[in-house]
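First chain written, first letter: the chains are A, B, C, D and E, and each begins at residue 1.
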């Protein structure tokens, strides 16, 4: 972990990543609710919102669309990822080298680690190489810290999520993206285990504005340093509204009511 | 994905690849109908047809025959491929390095990805290296996007083909070669998921002129950007006639009737 | 093995490593007894104690916290390690390159070898590379020599621990960290097999002051050259006290009674 | 495939390889009939015969004996090979690098590919590297094209041998060594599938002079470009006689009777 | 194979290797009979005997003890080796790079090959790299040629040992260390198959002076070029006596009686 507060990834010490690798990870099904969300241009436009500190995409999307947005959007190069056409013990292929990510204009890199998978050893060693190459290029490193696999009966237990956050700190991630552990108290435990590594909450599947904002608020209050969100933004008809609300909660430390008002104004 | 309209691979934004790697992939059986098709010279002569924007072959064929055709034919170096002497979970060996393909005169490179195979992770990582090396040499990248393997019950479903096309976009292919999903509407879905990556239809096994041209026409009308065809050309007695017809449909946006007339003239 | 008496790792030919990689290896559970021990700063402060000749941590902890302590603490870069989210045949991923460890300020490197594991061959070859790179950078090499795996029925037998110590000598470790074999006589056997490689005792799980110090004393008397300790320090309310006592026993060759008195003063 | 007629491997466009890697592939048993054949010097002397365009040996044999013969014998470096002490799915280890083969004085390189083996993918990728390195050093490439393995019920069918010959062409071999498919007609099919790649017949186990020469004659008449022979030469008491006969058939296009007469003169 | 008669490894064309890697391969149990044999210094002192043309040890032993003996002992760097804590299909990890062996002062390198093991392919490829790197550094190469593994019912048959010796020649070893095949006649067969590669007999487990010397004598008479011996030297109370005797038999071609007399003088 190295400090990232002076990098484009952070704003006032907080992070809001708009994640858009669902086309690879989940396939077309994630775009059914809002068909225009299948079009990367639509999502790059959304990412211009000042609340978004970076947009996370795979290499091909970045190559094709980022040249038109490099002045307005910070690029988080998601380096690994896998389709769910394949179903085996959790694993993820490295689809993008750090060097080429830099060349395409990346401001930070992202990597998924499935702690607890039978592929944990191999994935952790891939992370080592990527993390050290990112250091050479002064790129912040975000870990999608997702325990998953044969040995794990329950990946939503607080202690499992806290372990994942600790793993992110020990292995050298600057930011750890984790599942919300269900309560502010649990989130506090998780954040504490991560030490100086910033813990951010993963948006997950779509929920109502209020429920979603309450969880984000609870996470921030407990020491969370932000959010990585995909479906809860681009599966909404008016993504800018929820971003207005998130901006209030994450960067202005506003209440949920204030945020909801912002979303409706 | 990077724009390829100014490369030899495209003509008016469309692509017609003559594929000739059947000797490796299927063996001598594919040459039985038209025995002279076993002779690469025969197929290189066919590839001189102005409708063909590139000829896709394996390394050995290119080394032996391309020197006599480099002024008349654009070379698409098919970098991986496997015999069907071997039968296991879908996989494909990398038979040609990008650097040597460039040396032999390649104008573009091609790579098969079996999404859904237990070898998907490894194949995707091989694709990463090849795609990034191709960028260094300014060579367009075509993905044979063919979901196949243990986890796939049906590789002809529209959603599976659309997922493959999306995978091509996300991983950085400039062109995605996919199976025809059976209808113009389905092809539209597939093309939409590929964003700026051009989707082209795979010719498949031999069919009547009319049936084949109708499918190509439907694919083009739905947003397809061309065709990769092998057996439907070289398993015909008069390959130039079907190429005349395809030229009408793909590059002139003519009707099937006009195309059939061109084939018979 | 190369002499290390003139390196920061040793003091009067003895070694006291404060090990703090439990967050990765065991997870948050190891910090429950003394919650502040989850905070690396707390442990770095403890490591300033003059009895500690180095602090062993993983890469991410070193990156985040060592810059504030490099004048006061010697850094032992623990290069491999694995979470116990995953449960399979013993293995450990390499999380840190020697070169980058040097860059972060490491004074020595550490590596776990699970002799007897089905992964022994692979781990030993990883050790080869790391050991030889450490030689290039003049960094002492410590092996966590822990027989463990399918073929081992009992990893606490003297002959197994002695074998592990010999393996450390033969493979080129400068220091071998082994489990305490239960008696001074057994420890003498172990030390003898290690030749010029210094054998140090592993602290293990927390015990009473007296029991723990008696074992350390017996190990030192039998030819042990020190201790690597984690939980027996940071799971105590007053870690500096036990370090005062250990300093007496290890570096001053004092009796257990003298050491206990030092701990209480 | 690149033209080899101007290389030492060919004489008048034909090839006669004396193969002598039986000590590795089969072991001492192959030398029982003619005990002096176990001595490489004996076989190097035989290889001086003008009919022999190259001698194929493993690295150790070349290092030890070739320095005395480099003026009189062309060296074909057989790069892979495996003992039959081991019995598993067909595979072959790479025992010699192209670079070092060049240093030892190789005029060409040879590689066995077991198409149809579960190791086909890996072997084909090893072939890629070797073939491309051979190009850098201007060394002709000979493939021992031997379908074998779990998926193959019958490796002597014409279509299987023809597939192997095609594989050699597609992957970039200059010469394909195949099993004799049993008739001149079948050999014609095989040769046709190989295009510009020269197909040569493998000598196989020892047979009578007449039977052996008739098969070689039939192979040459059908378009075969020569022979790779071991046991049918060195398991004979007077190897020079059969070489006299082979010279007639292969390079002089003589009849079997003329050749038999030459052998007896 | 390259000539080694002018290297430190040979004396009058013969070789006597004192092997001392038992601490890694067998563990402390091999030192029980003569406890001081656990101390490498003891064995280095023994190795000063003029009959010993080199001492074979692993990297760590060489690093620690060889600096005091480099004027008096020739170093054979045993590059691979494995503990028997682990029990699986025979394999051996590479523990020492050729380059670093050279730096430590090696005069030759040694490598174990388990022909017939399911790991034969991988081990043979490791041998390729090491053998070629040794050529660059002008270091003789000794192969411990030990058929062993799933496919081998009997590794003491003459034909198996002869096959192993041939494998050593074909793969490029300068010296092949093999098990004694039980008779002078059998040893003659083995030596013949190795061609110019020197075959030396492996000492094996401890036997009486007379029995051991008779076997060595028979091996030398049959064309053996020396001995690699460990336990039959260091498990004796007076190792210099047996070395006096071996010197007579190996370098002076004396009778067993003369040798026994030398041992007792």
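As a working rule, contacts are C-beta pairs under 8 Å (C-beta built on N, C-alpha and C of every residue); 3 or more make two chains touch, one makes a residue touch a chain.
All of these numbers come straight from a predicted model, not from anything done at the bench.
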Chains touching both chain C and chain E: none
Touch-network distance, chain A to chain D, counted in steps: 2
Cα superposition angle of chain B on its copy chain D, in degrees to the nearest 5: 70
Inter-chain centre distance, chain A versus chain E - centres from mean C-alpha coordinates, in Å: 58
Length of the line joining the C-alpha centres of chain A and chain B, rounded to whole Å: 36
Overlap residues in chain E, where contacts from two or more other chains coincide: none
Starting from chain B, with chain D taken as the next chain, the full ring order: B, D, E, C, A
Chain A-facing residues of chain C, complex: 21, 23-24, 27-29, 31, 38-40, 58-61, 63-65, 81-83, 85-88, 91-97, 100
Complex interface listing, chain A residues touching chain C: 1-2, 115-118, 120-122, 124-125, 127-128, 131-132, 135, 147, 149, 151-152, 159-160, 162-164, 166-173, 189, 192-193, 195-197
